[in-house]
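Before we start, here is the structure in question, set down as structure tokens.
Here the chain labels run A, B, C and D in written order, and each chain numbers its own residues starting at 1.
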Amino acid sequence: MKDEMAYLLGNKLNEECGVFGIYNVDDASSLTYFGLHALQHRGQEACGIATSDGETITCYKGKGLISEVFNTGIINSMKGKYAVGHVRYSTAGGNVIENIQPLMVRAHTGHFGIVHNGQIVNAQEIKIALENEGSIFQGSNDSEVLVHLIQKESGTMVQKIMKACAKLEGAFAYIIMTKDCMYAVRDKNGLRPLSYAKVDNGYCISSETCAYDIVNGKFIRALNPGEVVRFGKEGVQTFNYCEPEKTQHRMCAMEYIYFARPDSVIENINVHNMRKESGKILARKDANEKLDADMVIGVPDSSLSAAIGYAEESGLPYELGLIKNRYVGRTFIQPTQQLRERGVRMKLSAISAIVKDKNIIMIDDSIVRGTTSKRIVQLLKDAGAKSVHVRIASPEFVSPCFYGVDTATYEELISAQLDIESLRKFINAESLKFMSLEELSQACNHVGLCTACFSKEYPTELYGLKKTLKR
Amino acid sequence: MKDEMAYLLGNKLNEECGVFGIYNVDDASSLTYFGLHALQHRGQEACGIATSDGETITCYKGKGLISEVFNTGIINSMKGKYAVGHVRYSTAGGNVIENIQPLMVRAHTGHFGIVHNGQIVNAQEIKIALENEGSIFQGSNDSEVLVHLIQKESGTMVQKIMKACAKLEGAFAYIIMTKDCMYAVRDKNGLRPLSYAKVDNGYCISSETCAYDIVNGKFIRALNPGEVVRFGKEGVQTFNYCEPEKTQHRMCAMEYIYFARPDSVIENINVHNMRKESGKILARKDANEKLDADMVIGVPDSSLSAAIGYAEESGLPYELGLIKNRYVGRTFIQPTQQLRERGVRMKLSAISAIVKDKNIIMIDDSIVRGTTSKRIVQLLKDAGAKSVHVRIASPEFVSPCFYGVDTATYEELISAQLDIESLRKFINAESLKFMSLEELSQACNHVGLCTACFSKEYPTELYGLKKTLKR
Amino acid sequence: MKDEMAYLLGNKLNEECGVFGIYNVDDASSLTYFGLHALQHRGQEACGIATSDGETITCYKGKGLISEVFNTGIINSMKGKYAVGHVRYSTAGGNVIENIQPLMVRAHTGHFGIVHNGQIVNAQEIKIALENEGSIFQGSNDSEVLVHLIQKESGTMVQKIMKACAKLEGAFAYIIMTKDCMYAVRDKNGLRPLSYAKVDNGYCISSETCAYDIVNGKFIRALNPGEVVRFGKEGVQTFNYCEPEKTQHRMCAMEYIYFARPDSVIENINVHNMRKESGKILARKDANEKLDADMVIGVPDSSLSAAIGYAEESGLPYELGLIKNRYVGRTFIQPTQQLRERGVRMKLSAISAIVKDKNIIMIDDSIVRGTTSKRIVQLLKDAGAKSVHVRIASPEFVSPCFYGVDTATYEELISAQLDIESLRKFINAESLKFMSLEELSQACNHVGLCTACFSKEYPTELYGLKKTLKR
Amino acid sequence: MKDEMAYLLGNKLNEECGVFGIYNVDDASSLTYFGLHALQHRGQEACGIATSDGETITCYKGKGLISEVFNTGIINSMKGKYAVGHVRYSTAGGNVIENIQPLMVRAHTGHFGIVHNGQIVNAQEIKIALENEGSIFQGSNDSEVLVHLIQKESGTMVQKIMKACAKLEGAFAYIIMTKDCMYAVRDKNGLRPLSYAKVDNGYCISSETCAYDIVNGKFIRALNPGEVVRFGKEGVQTFNYCEPEKTQHRMCAMEYIYFARPDSVIENINVHNMRKESGKILARKDANEKLDADMVIGVPDSSLSAAIGYAEESGLPYELGLIKNRYVGRTFIQPTQQLRERGVRMKLSAISAIVKDKNIIMIDDSIVRGTTSKRIVQLLKDAGAKSVHVRIASPEFVSPCFYGVDTATYEELISAQLDIESLRKFINAESLKFMSLEELSQACNHVGLCTACFSKEYPTELYGLKKTLKR
């Protein structure tokens, strides 16, 4: 139930973006196009690519999908063996042209471009301090804070990056491209994914590993928390801007649960396998229930893995109870009031022949506002389902995220407002279960996770953002 | 593995189109927009809608998806309670503006529009005869032949339609809209699907039943072969242009196998269920094989149902070994030669964590030219699969279709050129099996099928088209 | 004050279209693009080009300007040494895709395309007769009638064209392109212009001579009324479908007054020179008036020639009192009610420094509804003009045109409703004069003209159209 | 011969942009749309509008004409009574998204937007100094330098602006909009025009006065050199950032000669009148020549005023020898090599009937590279002109401009390379004359001008730009 649904039903969850870079490979712009295409699920609102031929950096960006913003003529005009690219999801308020990345710095000492994924929690504090010293911010994104901080520092680019990172708190994974070097950086809690791969005689850096296949890249490793990797003529050099004992592994749990593509590998765990394991855990929780269920179905696409896992563990048949229309684009006519209510039906259909008179276990990845879940349950019941048991392959959202996931405000999180039984009634399901935090951890093989949205345990200071928290 | 792949890999299979009509319902243009949206999988090249307010017919059409051709302004400007619409897939040669439907006839005796799905096998013969009498054809589609034939006849519209149909041989399902009446027509072999539903105080007609849900329609029934249904002030009237004993049920098998949406019901059989049953049959065929398989995967999207069936029957795990990129649009940059070979990877990814070192049963719906199958097998092996056993949920294509399915020419059908063992080697699979004709029939619960492309048994005369057949 | 103004002020006058053809010249599609570009002033709503490589005809068309519908890729894909093209102005009701030309006939005996300019007065009668014999009309334009009539005849293409023309009454100039021949045809009253030129080893045919320069064509001659010219392997052959004594020269006066580009030559008279002569005649009519005028200004662009003539004859200074904004495109925001009234100001500006406190003679080409004239006079007075004497370089419109000029209905023609003095008051001018019919004839050097819109003397029968005439 | 020609013939001259602001008027975004439409001739590459509702600033911008970038939906969504807008011409290298204006500063102390016209000669020096203090520049335009300088200063916005301006050298006219105030600023040499007008209860500020009419503005006055005008709740306040005795009037001569619309008034001189006077002066220079000329023609559109003046003074007839195609858009197919040479003919046509066998005086506004002039002379001679005497309504370009006019580099200025007689031969004219500096001054009624491009007398220091000067 990813992104496009947002257009019909209001936003659900949105990852900020995906970053991609390629170092010392022919046709860098073309490969970046393909790499971003593989990351398109991380952001569909805007995108951009900057390339360097070793001397001059060329940057092109615009609103829309990679396939809409770029064409052969543009890609061919972007020469060079170095490139960085970005796909972006932006909320309405932030949909200004100045926020589209790569963000370019055109300084007399050298131009560079940056692509950034994440959210810096002390951005506002840093911004005010920088503005008081004369800095100017044109857009409303954290990435601009990042580059100002870097440029304020002295030394080599690596030194500047390291000094700047030391002052930043929050989630970030970014790539900086100068005319002939590339720097990949990850925050000290490892909240956002970033890894690199070998491509011919060069390298490729990506938010998700799913982008390597199309560019023929061989995965090398994920960056460590607090690490800066420099790709240059001297080869691949690594630096730590933070003492290793002060770093920790706190990968965003939602990357596993919802954002990442099933074929991506995050911290050595395949996303599909983790989701499937979640489904198995949910099945085991139901082992002693008398659900009398006939089948297991998943809400396409992000919940199919968990549904397969549940089915496998429970021995119940896995079924295609819901199918998704592949042609829901981003523009269509304004539905009449009468049709708005049935909006979900443009996107999803229940297969009546399958669900009619059946007791169904429906797996979804998460519940944010609850309205989508309510409508999907209704869709199944309208198609004849006798009962719908909803199983959520994640814990309850009880607190907003400040690290780049747009889980809506505290007030909008239905699990922050209702207990499970009330929520079950609201969505009109026969039963409703979530995973526990411990079960989530188990599904991820106990890799270090950030579960702040489920547990309110934020791995960093929150600074001014604290005031938006309740209780 | 539907349509969009065609852009990367060359055409595979293409259905000609989908038709939709709505009679005596408010906001007819808006509902037709939503109905066509649900039929978008049947054609993405061009579309159009004509509406009537009881007096005047307004027609708007263009190239592209429904969401690209229409917007709120256009839909709102199309007034009336009657509408017909069309989505079209056209091959390169036929991509002329004159072929986009609805096809309008603006006669002094009354305007009407027609939307048509299918192929008329004696179109060329009729066209020549009509031209010799002075008729003019602007486009290159069969639908124009249809309306000329109708207009040449005398009598009421129903009489004209019936006389015309009696002269037509082939596959067709069409809707004619006059200023205040609608006529739905199906060929006497029932080769193309067409059914109708109740909507409020009116009716809705559609190529596939999956379009009824979004317009709140309640399915009534499929038209019979050789039937004309008239929707008018007098209510719903039915006519047979052909003696019932001369009609037969020969539903296109490819509708079940490949074209239709899984939630559609064709001749009382749900498409997903039929595909799942095919998978079960394939599993039973393998019951005594020592395949040592670890899992079953399907090629998304059209082969997932069969894969689920195979898994259920065999007891092997159903897995997501291949995932599909949802953002492959219709325009993207020209891949370099090097990338072209890996084109399939923009569209499909293998999940290495799942398939690595595994023996895999891969289900696909069909094999046309063989190149796509070869590339997918390679994709799985590159991701580490130990062995790939390909199972095709249909018989071998050995003969071209003349009823609207673009299965390529005789020479391009790889099963017409190679025996199964040679084809297995070509696609580099460890084993390869197809369904038999009998098994296909069984999966469809022995509903009357046209299986000409598998059996060379054409349910109609072929006229001049015969010369393109071999042997 | 041509076409674009229509978007702000309502339609004024519209010519139906421009036609262009090129025979036996390399890069025919590219040259046709440039030729149509030179004819773009004759129609901006839609355009199309068909080319033939001697075997196959390729046709491409769409809504918009030549530069919007075509691009290098499309033009390059249209191979061949033969091409015809069309630019079209269509009124709202006729803005259907089926009306865009070239109109293609795809017959088993050979394909051909036609481009047509003009209006056939007995089209409706012919259409009904043809329909009664089974013909079908998809669009609402006369050109379709033309091709049906041709196809109904027997013999060679020339014979068919000649027989068809003999049955047609009205204004037409058209070009037919078969796979390797071209036919140019003009009605027997010579109402619409058509001429041809030599280009390298081939020929070029055009509605206006202004298109020859860009394709390096050397003007040969205009077609005679009632003439068919065939361009083929046998060379240029000429035929008369009407006995010469039954033909006459009745060139549309509005071609001189308003439609044609000043650099075109029609019936051996340069358009600019004719307009300038009209201005001189108007000046001589004022010779004895005590106008006390300070300057002469023209309404750009079509009235500048006449203003220059008036100035030259009168000895008064020619001034740029009104200037035109070159960037009024076809789409802009909906003006608020308050701005609508001042709509003319987006298009035209008065130069206050010039007109302030001055007595002005303002030349315009014609008055249709009167509202535009009223607004321009007001514009000048708002800019400080002391008095505005309006001189119209044509007689009064008193009757509608049935030969392709959209001069609005009888009721909309203000000169059919008001006498000159009342009209003067309506437009708030200090004085107002038109040319007489005799003066118009004199300005055109007494070439044979159709002046039906000024004189009600229609050179042909009017058939059913007669009923729309008053008195 | 303005801008669009550039697409065919290479750039000729380009003004950087036009600025427009509106203070305290309803429908500010809509009026700014219309105002920018009237300034569209000053830049067609990109445009933008920012509006404020008193609290929040909304900014929208993009590449293309005002009518292409904006539509009713966007304009309506931009609420508020304050707005600024910009139209931009950018050379290829500068065509980056970051340069499109309004440039927004989103500071925690308040957001503001700026629109800027001109070029700052010490921008590079300031930029380096600012970067050394940590400032970051994302684009490549001077406007960014401007805002950084302002933000570095302390005090109220007026104080900051004044301190910043005191450090700037060069040409600028800009408008700053905060959430509820507007500041208009002009450089101390008055090199770029800026004036304001009354609109209802508010004000309007514009680069050219021609924008006032469409918004119903009443011209008040031009800003003085070195003046800052603040529009706020306190009314209109004026400040001088430079002692009046250190300011001077050095209006860019090219504004009169080429850029401005004929209906604009600059420094109390109407542009058309100035151009006409130039024509008269040219005529007087020819008074004793035996040119035996038959007529005077101007190169449309910018030279028509001068041609009218020449004709009036000399008593020779003013003629329309050259006409311009109104439909040359910004995109068209790539001409073949053969057609490229004749590119000018897509844009301009000579009227053979007028110029044939005639001795012609052709007025153009300026000569930059000489290639366009050469082609126009050829066009006239191909149309039969016996002789072409070229008269240029400005002095010779001998030195580049550093104040915002893109007159190409020193090497490209043909008058910096050739003497008049050599240039005459190059363009193949029978005679060639320019205006002298004194004559130019006289045509402008001795208003203070910057004539650096003609005289090498730059009114400011040139800093690092000096090195691009020759001799």
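General remarks:
What we mean here is this: a contact is a pair of C-beta atoms (placed from the backbone, for glycine too) under 8 Å apart; a residue touches a chain by one contact, two chains touch by 3 or more.
As the structure is a computational prediction, the values presented were derived from the model and not from experiment.
Among the remaining chains, none touches subunit B as well as subunit C. Steps from subunit B to subunit D, minimised over paths through touching chains, total 2. Separating the centre of subunit A from that of subunit B, both taken as means of CA atoms, is a distance of 36 Å. We define each chain's centre as the mean of its Cα atoms; on that basis subunit A and subunit C are separated by 59 Å. With each centre defined as the average position of its C-alpha atoms, the distance from subunit A to subunit D rounds to 47 Å. Here subunit C touches subunit D in the complex through residues 2, 27, 30, 33-34, 37-38, 40-41, 44, 65-68, 70-72, 75, 210, 213-214, 216, 261-263, 265, 270, 272-273, 301, 304-305, 308, 311-312, 317-320, 323, 325-329, 331-336, 339, 342, 345-346, 349-354, going by the rule given at the top. Across the complex, subunit C meets subunit B through its residues 59, 61-62, 96-98, 100, 103-109, 124, 127-128, 130-131, 133-140, 147-148, 151-152.
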